[in-house]
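Following this message is one structure expressed as structure tokens.
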Amino acid sequence: MNLSDVFMISLLALLLLSGISACLTKNLLVSFIIFMAYSVIMSVVWALLQAPDLAITEAAVGAGISSVLLFITLKKLRDIQKRSEDEKT
Amino acid sequence: MLQTLWENRIQCVAVLIFAVGFSTLLLHRNLVKKIIGLNIMDTAAYLFLTSIGYIRGRLAPIIVGTDTDPSHYANPLPAGLVLTGIVVSVSVTALMLALTIRLYDQYHTLNLDEIYYMALREQEGGQ
Amino acid sequence: MSFSVNFPLFCIVGSLLTAVVSSVLGDRWARRVCMAMVSVVAVLNGVLLGYLTGLGRSVSYTMGHYPHPWGNELTLDSLEALVSVVFSLVLLLCLLGGKAQLQRDLGDRKRNLYYVMAALVQTSLLALVYTNDVFTGYVFIEICTIASCGLLMIRQIGRTTLASVRYMIFSLIGSGLFMLGVVFLYNITGHLLMPELKQTLADLWQSGLYRAPLLTGMSLITIGLAIKSGLFPFHFWMPDTYGYATPSSAGILSGLVSKGYIFLLLKLIFRAFGTQVFYGAGIHHILYLLGVIGMVVGSVSAIREDDIFRMVAYSSAAQIGYIYMGIGISPDLGVTAAVYHILTHAITKPALFLASAQLTDGAGGSKRFRELQGAAYSNWVAGLGFSVGALSMIGLPFTMGLIAKYLFARAAFQSELKMIPTLVVLGISTVLNTLYFARTILRLYNRPKRKLAKPCPVRRQIPYAVSALVLSGMNLLLGIVAQPLISMIEQGLKQF
Amino acid sequence: MKKHNWKQILRQWDEGRFDLTMALPEQTEPDHAGPDLPYRWDRRDRVRALERRELRLFERMYPWLSALLCVVIVLWLFWAVAELPAFGDPQAPAHNQVMERYVGRGTQETGAVNTVAGVILDYRAFDTLGESHVLFAAATAVLVLLMAAGKEDGEYRRELAIMHTESILRNTVRVIVPVVLLFGLYVMFNGHLGPGGGFSGGAVLGAGLILYAISFGFDAIERFLNFRSYRATVLVSLCFYSLAKCYAFFCGANHLPVIFSAGTPGRIFSAGLILPLNLAVGLIVACTMYGFYSVFKRGRI
């Protein structure tokens, strides 16, 4: 087992860890951030697997655009919540 | 068997992540968490697919110079398929998130079962 | 080679262009363009059907300069052409028949977007029917999912949003499993094109190599498509989805989209897995069992409903059970019956949904049976359409339903193990169908004590009347002269 | 045991309230619910109470259920994975004559040095044609959903005012955005020569646009990308894509030569249709990504 294998295995362990914790975390914001980390790790794994096209795309789409959409959604949800609370009072 | 599983460790990790995403998508009640589960499930399938294309000691399938010997490069087909898949999954994510916003706007909760009961009550009240 | 083999390509690309162009057109023009495109597709496929029936073998059409196993391909044969003709005709009639409700249910600004979604559904159905490539199947399954979700949630009341979320979740689970199944099969064969896949899988099955991944891949694909088409334990999204969508969408989703997935599954069984491998692996027993349970459970749920749309939706779940039961019985007669039932259901169910919409509109918008009493008198076309559809679902003579049941029974005699259960369940299911459809028909033709609602103006009804009469006519015609259709299906299955 | 009143059952069947549980003795009915009291324990109430209890139970069972499901799937798939060809093995069945032709003759046949681009835009172009329409379908669906939310959400203007005071952020973005856009364009134009292509380039470009919109506001971006130009770009790119590919498919199937030649591999203007297709795809992806952001943020593009 050489160094690159060790690197790969540690990345895989991180990937698994972040995947599970993104699903199990209660706080949505934390969960999104972990998901972003998951995407970045995934793109590194793909770069190591000799698929540079995928690494670029995943970094831009998974870590970039998906996460931005998730954050805006969260923002929207909070706005709606605030509005409805305002209406109540 | 354990030997093969250790050799195919990337596939094993992909399977584990797939199962985590799948059960989140199926069983979690929070809609946004379901969407995260969906994304994780999809990327796990793509990881599995990408790992098929890798061949030990070979380079990415971008031709260097005039060297077109297939035994020097990795398999380009899985990468192409995954590229397609990633775009599909980001579209689906955007659609699901839009649905979430609409649903939250109407029912003020993300818990799907609560929403279902509210809708049921609404329907009975309307009669 | 005749020029008509190019028609599927033109149909697919033409529908894609229609979808894109409709998104910038106004409401009326989007509607016209979309309807024109769907009719052209029906005609072109009809011509192709004629050509292929005469040819008597299947043709593979390369998409580009590279034949299989390198490039994408389509396969054309008479069964596929037949199915696409029926699908496009029904799509056209759905759009036509639900026009009045579409104008009511859709907002002013996005009516053209409805036709965008309809054209995308048309494209993906054509691609699913004609494709010769497993991964193309996956991509177009996704288009189909998104477009059908669009058709569903475009009527924006709370329930449809909720229904589309549930629909999407089930569909996405299905496509995730389908994708993983494709990955497994690719891993052990290295092919995505169906002819090579079939060859390699047959060799692997013979040699016993990679048995576990092979079984896993096949079952994942089957489960994925079963979830998407709403087989028994996965049918919970159906009543909400079909019950609250605008009637055209309900017709398209129940009659066409779920059938498209089932047809893709059939195609995979015959062209990609090979019947020997698939039926040798024993996956069909599970499909048979789930189908049989679904037939009974769907009907029982339908009896308990007092909302006419949800009742028809639950009946849809039962009919999906019939189709899977046919697939489970045997690869020749059973599948013939299943394909015939796919066509029956594609013709009948939209008619039922459209008629229910007309009837409830006539009765002041209530979907309850109590208010529907005597509704057929204020709208006799809808009453007729509903009755023909319902009688066909029960399986009365001179309708397609009876022929389908006869075919299922004929197939059942082939298999010793499954003969008794099939016949018993067919009997039970017929009784249950009669219970809920007869009740509805009695209601509709039972004069209420209070005064009847005024008949709605004739002019607004013309599009619906045309569609209802054509659908009922098709149902009766194909029910009375069924033999040509059955022999066409049998011939098509031989070429598969 | 309740005595069945057949007339009543018949009536219930007729009214669509037929229920097989009617045959069971009704234990859940409260004792006080006599005919003279206004409250009646309805069947719906019974069902709802039952479902609520189920819901609570499910809430408690969720972690266990999901763990169980997870374990079942994992075991099933592990059983399959254990028989798969070893990872990285050059003899694996996936690396067969298909892959050999893609790598060995791909450059010569398609003109693309990056064989992945050659595969998705030439050999398997039909998939990719479908894929760009997935994006289109999703964008349309999102537009339908969030446009209906009605009046424009003015919230983002307030945020923008806060942004204006954050000069560090704005100045950073001012430096970064041109680099991001340039990189996106490079990846797009270079798709047939190196890693990248329409999808990745378009995604980077879209991310750059989003970054610009976040810090400078939509007004700044509407100078060059408003709803009209968005629709025009998507329309033209998709139509070009469909028509060009339709032409190529038609020629291929009927064994006609195409007018686009593969050119000299390695040159920027080579690889026939691949470069224009990459550009079209890139524009579609960039516009759609920005469109998603804009619709989510303010309900319109």
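The chains carry the letters A, B, C and D, assigned in the order they are written, with residues numbered from 1 in each.
Simple rule for what comes next: a contact is a pair of C-beta atoms (placed from the backbone, for glycine too) under 8 Å apart; a residue touches a chain by one contact, two chains touch by 3 or more.
Here the structure is a predicted model, which means the values were calculated and not measured.
Quickly list, by label, the chains bordering both chain A and chain D.
B
Using the touch rule from the top, work out which pair, B-D or A-B, shares more C-beta pairs.
B-D
Could you please state the distance in Å, as a whole number, between where the Cα atoms of chain A are centred and where those of chain B are centred?
From the centre of chain A to the centre of chain B is 12 Å.
Suppose each chain is reduced to the average of its Cα coordinates; what separation in Å results between chain C and chain D?
Comparing mean C-alpha positions, chain D is 24 Å from chain C.
So the centre of each chain is just the mean of its C-alpha atoms; given that, what is the distance between chain A and chain C in Å?
Centre-to-centre distance between chain A and chain C: 37 Å.
Of all the residues in chain B, which ones touch at least 2 other chains?
Those would be 9-10, 16, 18, 20, 22, 24, 26, 28, 51-54, 58, 60-62, 77-79, 81, 83-84, 86-88, 91-92, 94-95, 97, 99-102, 105.
Which chain C residues sit where two or more other chains touch them?
Within chain C, residues 135, 139, 142, 146, 149, 153, 156, 186-187, 368 contact more than one other chain.
For chain A, jot down the residues that touch at least 2 other chains.
Within chain A, residues 52-53, 57, 61, 65, 69, 73, 76 contact more than one other chain.
Judged by the touch rule stated earlier, which pairs of chains are there in contact?
The complete list of chain pairs in contact reads A-B, A-D, B-C, B-D, C-D.
Under the stated contact criterion, what part of chain B meets chain C in this complex?
18, 22, 25-26, 31, 34, 38, 41-42, 45, 48-49, 52, 77-78, 81, 84-85, 88, 91-92, 95-96, 99-100, 102-103, 106-107, 112, 115-116, 119, 122-123, 127
Which residues of chain D touch chain A in the complex?
My answer: residues 114, 116-117, 153, 155, 187, 195-197, 199-200, 203-204, 206-207, 210, 289, 292-293, 296-297.
Looking at the complex, which residues from chain C come into contact with chain D?
Against chain D, chain C makes touches at 5-6, 9-10, 13, 16-17, 19-21, 23-24, 61-66, 69-72, 107, 109-110, 113, 116-117, 120, 123-124, 127, 133, 135-136, 139-140, 142-143, 146-147, 149-150, 153-154, 156, 184, 186-191, 200, 210-213, 215-217, 300, 303-307, 311, 368-370, 435-436, 439, 442-443.
Provide the residue numbers of chain A that touch chain D in the complex, in ascending order.
Going through chain A, the ones touching chain D are 52-53, 55-57, 60-61, 64-65, 68-69, 72-73, 76, 79.
Give the list of chain D residues in touch with chain B in this complex.
44, 48, 51-52, 55, 58-59, 62, 65-67, 69-71, 73-74, 77-78, 81-84, 86-90, 92, 94-95, 98-100, 102-108, 113-116, 118-120, 124, 127-128, 131-132, 134-135, 137-139, 141-142, 145-146, 148-149, 194-195, 197, 199-200, 265, 285, 288, 292, 295-296
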